[in-house]
Amino acid sequence: MNAGVRIDGRTPEQLRPVTIERGWSKHAEGSVLVSFGDTRVLCTASVTEGVPRWRKGSGEGWVTAEYAMLPRATNTRGDRESVRGRIGGRTHEISRLIGRSLRAVIDYKALGENTVVLDCDVLQADGGTRTAAITGAYVALADAVSWAQEHKLVKAKAQPLTGSVSAVSVGIIDGVPMLDLRYEEDVRAETDMNVVCTGDGRFVEVQGTAEGAPFARTELDALLDLAVAGNAELEAVQRAALAAARS
Amino acid sequence: MNAGVRIDGRTPEQLRPVTIERGWSKHAEGSVLVSFGDTRVLCTASVTEGVPRWRKGSGEGWVTAEYAMLPRATNTRGDRESVRGRIGGRTHEISRLIGRSLRAVIDYKALGENTVVLDCDVLQADGGTRTAAITGAYVALADAVSWAQEHKLVKAKAQPLTGSVSAVSVGIIDGVPMLDLRYEEDVRAETDMNVVCTGDGRFVEVQGTAEGAPFARTELDALLDLAVAGNAELEAVQRAALAAARS
Amino acid sequence: MNAGVRIDGRTPEQLRPVTIERGWSKHAEGSVLVSFGDTRVLCTASVTEGVPRWRKGSGEGWVTAEYAMLPRATNTRGDRESVRGRIGGRTHEISRLIGRSLRAVIDYKALGENTVVLDCDVLQADGGTRTAAITGAYVALADAVSWAQEHKLVKAKAQPLTGSVSAVSVGIIDGVPMLDLRYEEDVRAETDMNVVCTGDGRFVEVQGTAEGAPFARTELDALLDLAVAGNAELEAVQRAALAAARS
Amino acid sequence: MNAGVRIDGRTPEQLRPVTIERGWSKHAEGSVLVSFGDTRVLCTASVTEGVPRWRKGSGEGWVTAEYAMLPRATNTRGDRESVRGRIGGRTHEISRLIGRSLRAVIDYKALGENTVVLDCDVLQADGGTRTAAITGAYVALADAVSWAQEHKLVKAKAQPLTGSVSAVSVGIIDGVPMLDLRYEEDVRAETDMNVVCTGDGRFVEVQGTAEGAPFARTELDALLDLAVAGNAELEAVQRAALAAARS
Amino acid sequence: MNAGVRIDGRTPEQLRPVTIERGWSKHAEGSVLVSFGDTRVLCTASVTEGVPRWRKGSGEGWVTAEYAMLPRATNTRGDRESVRGRIGGRTHEISRLIGRSLRAVIDYKALGENTVVLDCDVLQADGGTRTAAITGAYVALADAVSWAQEHKLVKAKAQPLTGSVSAVSVGIIDGVPMLDLRYEEDVRAETDMNVVCTGDGRFVEVQGTAEGAPFARTELDALLDLAVAGNAELEAVQRAALAAARS
Amino acid sequence: MNAGVRIDGRTPEQLRPVTIERGWSKHAEGSVLVSFGDTRVLCTASVTEGVPRWRKGSGEGWVTAEYAMLPRATNTRGDRESVRGRIGGRTHEISRLIGRSLRAVIDYKALGENTVVLDCDVLQADGGTRTAAITGAYVALADAVSWAQEHKLVKAKAQPLTGSVSAVSVGIIDGVPMLDLRYEEDVRAETDMNVVCTGDGRFVEVQGTAEGAPFARTELDALLDLAVAGNAELEAVQRAALAAARS
């Protein structure tokens, strides 16, 4: 395969088709089915009054996230973590990343003593599940915050959201920096990076890993450029989704 | 409310709209999104060569099932069993019920030393999740068996499926026997029964529980009549789904 | 073996010798050693003031049960669930069944905010352990309720027990419906059913499973007839045990 | 109470009534219901061919033990360790003590590659459960070894048992050394000791603990004297039990 | 090797070099790195106001201990108990022993409603880890008590410590009683005993185990003599350490 | 405090005193006590022949790491993960980071089918425990590899190490980028980044998190510059330590 020619015909700097379907669940205060190509993640936002014990009386809210994969989201069936009786390191790591990313755009004071839990369950995986989860969870969170405002859980005029947040993966394959890796690309990448940005183009998280050879500063710079551009596109998709009437 | 008038306008002997969407996942050998009204369950069937240790060398296959609910499938968010570190009694009970129900229509010898695992994950719950799971899982199992035949895991001319299986709930509400209870009905039912039938109208499982007062033989008989009729309808929906080309 | 001739010489509709020994433990408020032939279950009822958190302030009591097997209650030693660190699905399922069965004859209001825990530990198993447990646990519960009345935990004239409850297994072996299966019979049964009845002959639980071929309505009816008759006999044994002075 | 006058009228150097009922279970290769007064422990010995992995090929056998209490063996109901999902320190400690004590009279070579597991389940507790367990488990072990000899698992003329073993508790209450403490005595003891002896009067385990003030060498000596005499009596009871035909 | 000649040249009644380094950690209220030859244990004492729930309102304090080994403290790497998800029986047993030993020299009333937790983490093991832990933990506890006095958590003039406590192992190797066994000696010992004494020479714990043949009273007496002498030496080391200014 | 003036008098671009003490443990194949100021981590490297099952027959080795904190390594005592029965997300995340970082400088083929486990136990924490762990673990790994070469586990002339690796934290405090944060600085940092570099100045891992406001590209660039310089200094310390004779 020629360098830069991708298995699905994309150019190196091209996202997969991204869709965000709001109102997917009738129970949750916010719910989104997000797709990055064949990666599909169901993100639900659950609002409850009150906060964890360590935060009581602070007047401030809390946002947290839990990520999981259905057993057959992947090509080979994985054991359920509930059956194994313990959560794996990868699951923990991603849940924490999603929570931190969303908290970056939350004004705890404005949220008041309410908690929002984001559940991101991967229904089908094809690379980039954590970045799709963050991108979708933001929209579910926005809907949940609107719900809280409508139901007077949040004070009038309080704006718990200080901005938007999205995430995308980038990586170097055969020496070419590429955006939004599919599973087969991810496996082949020498360097793999997940970049979480706010809607105004600043960084919330940068997590780069040399899977093969260590990477140079110029490579890091090229990846960051790609990721910032990709996140700008994702921000537009999020904005469009939120502009539409909720289904 | 008048006895026999249901919140969604159904008659006592009427099913909710039932849909079976095949080929929902690109990875699994069989996959179905089944809906009984607002209850939605993703059923995937995973085929692997080989059988659990205790069955090795028998020449016989194995079929098992795991049931779970997404945390916000219900009106109030539930803790993840993976986070709690143990599977609850209800989950265990339903997983075992689904597994037994599907094994009732499997010829182990014809299946050969292959294992099929049915994962039934409830995406949205509104009563009858276990019966929807069984009804959908059968279709996923049928697709998985076809896949195994096409891929020569099963011997030519072997017919691992000996019939079809479906399930429906019935219950007595305000003295009236009713078919296919929604969550709000289930909560109010004095007696609650889940009935699993084969396509030819015989019983695989009958599980009746007096939630309020104990029930009489005549009530039991009326419930069984309703359930047999409901399962006959479900069998037709399954047959129609399997007759269509796989999406 | 001729159809209908049983390994221990019983007729198909005959119970094994059933004994109920009250006052087996000096500590528990109610305690019974129940035997169905070689199946022996120690049932203790523990009364405590107060109820679980979710029930506080309701003025209503609670009854729950835990079932377990000693490791060498069976022919082959089983691992302890405490050593494995998790309770198996079968244990969960039976504990829940026993709890539901006993709650069917409890008037929560009359019990007041007290909790009764029934521990059913199988000392020796030979089939029918769950049905023996329910039958014995009812007697232990009755003694515990009397104790609560004597100790003024329950209001004067309040009658927490609304009736009695017992259980028996039935099954079809070589086409013949039989009552109260021993382990060797249970293994061979094509259909296996556990039926829990109140003392006045109504149903609390009906759990029938096709172990081999699915079963027809006529078979189901024959099994229910047998079970109702068997439970009537068990009710008489319970009544006689409770009529005797407590040892 | 006068020093030396015990709640049940015993003298300081007197055992409670001790009974050993062999053949209590129809499944186990050895089984004993042992009573030290109101303390009742069911001890079963399970023989299996083969040894744990780390011992394979050594030509030597293995003996191990597991101790547990039924939830309502005590005055107040305790949580099940299976429900809590972990075994407590006390349970571990006692299981290990019982195992070591029995292994002290086993010739591993003579036992051959066979494993005996002793399950000691406390049905009713009134102090001294671990010493009753050891005393009863020895008799169950002796029956299990005989069974293994009869079934040719052990070589002809091989004598896996090198002696007998028993155990008793001693303690100092109000300055008076006493034998075989009941629960109420155990709670009041300043010093508490469990002593495991072989039938020929030597020591296998000595575990003394100052519950109140530290104890002097003279006190330690007095306790050891009492314990040696008590164990000699227990050895006679064991011998008598084993001399009788198995029930 | 001649009986009585030890691998490291010690005489049978000689301790290994024992060092106690106070103030090892900047965070803990008391901290000690104790060495018995190559055995090195880090003991930290953590003081917190308040007591466990079951002790609240009693006016009395609490002291408890937790023992653990780093995975490569031993010659072969052991699995972490946190990774296995459960604490082993040996760890439980030793933690309990250390806690009991330290509580023997605590006046709960004088301590007031404060809790001291002793963490004893074995950094390098060469036999006698539990006895080194007790000996070092006492010094950490003494420093923690001083800290509590300085910070007015303990009432003026209250003396929570009623004495000192230390521990040493003894054993019989090739028929010779020896003091303070190294790992290689411990493995070869026929009898192994851990003896915990107060500074005034009385016993807190005596735990003797026949690893090989049962032991006679004369052997027990010889071991106790050795242990009492060894503990007297350890008390002197502790006293010297506490007399020095805290590093 | 003036911006850029640090609590311990360092300049923003200055490391804390770093020491690397080799040969700290007599058992491990490589062992290092590494200090970054008051942060002290014991790193041991354990070599075993063979690899995990999924790697058998590949001819390639494996390197993995486990990170943990002693309970009182921090200012407030934390619960042991072994006692809680599960490993927290932070522990998992750091263990995985250390493992990946070390594997970046390993040639699996040259290592052959051997496994090296790095245990990094934090004895005292004052910020930067994961970066100290990586920096120290590399030296322990280098010693373990030398050991494996000396003991012929690795083929003559094979060079399993392809380079060196070290790590350092950087962060922005009051708008000033700073190197190697202490705990108090870490808590105040708006942005926090851990950077793992090879000895030749390329990147292995870059993990940056906005703790407060999102950060701009210029800030990210300044932090990377600082980190690269800091890692170059750490590489010199590592080289000097390895040049010295092993203690």
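Side notes on the structure shown:
Order of writing sets the chain letters: A, B, C, D, E and F. Residues in each chain are counted from 1.
Simple rule for what comes next: contacts are C-beta pairs under 8 Å (C-beta built on N, C-alpha and C of every residue); 3 or more make two chains touch, one makes a residue touch a chain.
No experiment lies behind these values; they were computed from the predicted model shown.
Among the remaining chains, none touches subunit A as well as subunit D.
Note: centroid distance subunit A to subunit C, computed from Cα atoms, is 51 Å. Separation between the centroids of subunit B and subunit C, computed from CA atoms only, is 28 Å. Multi-chain contact residues of subunit D, defined as those touching 2 or more other chains: 85-87.
Under the stated contact rule, the graph of chain-to-chain touches is a ring, a single cycle where every chain has exactly two partners. Ring order, beginning with subunit D and continuing to subunit E: D, E, F, A, B, C.
Of all the residues in subunit C, the ones that touch subunit B in their complex are 86-90, 92-93, 95-96, 100, 104, 163, 193, 197-198, 200, 202-210, 213-217, 220, 224, 228.
Across the interface of their complex, subunit F is touched by residues 25-28, 31, 38, 42, 44, 46, 48, 66, 68, 70-75, 77, 80-87, 91, 117, 119, 121, 123-126 of subunit E.
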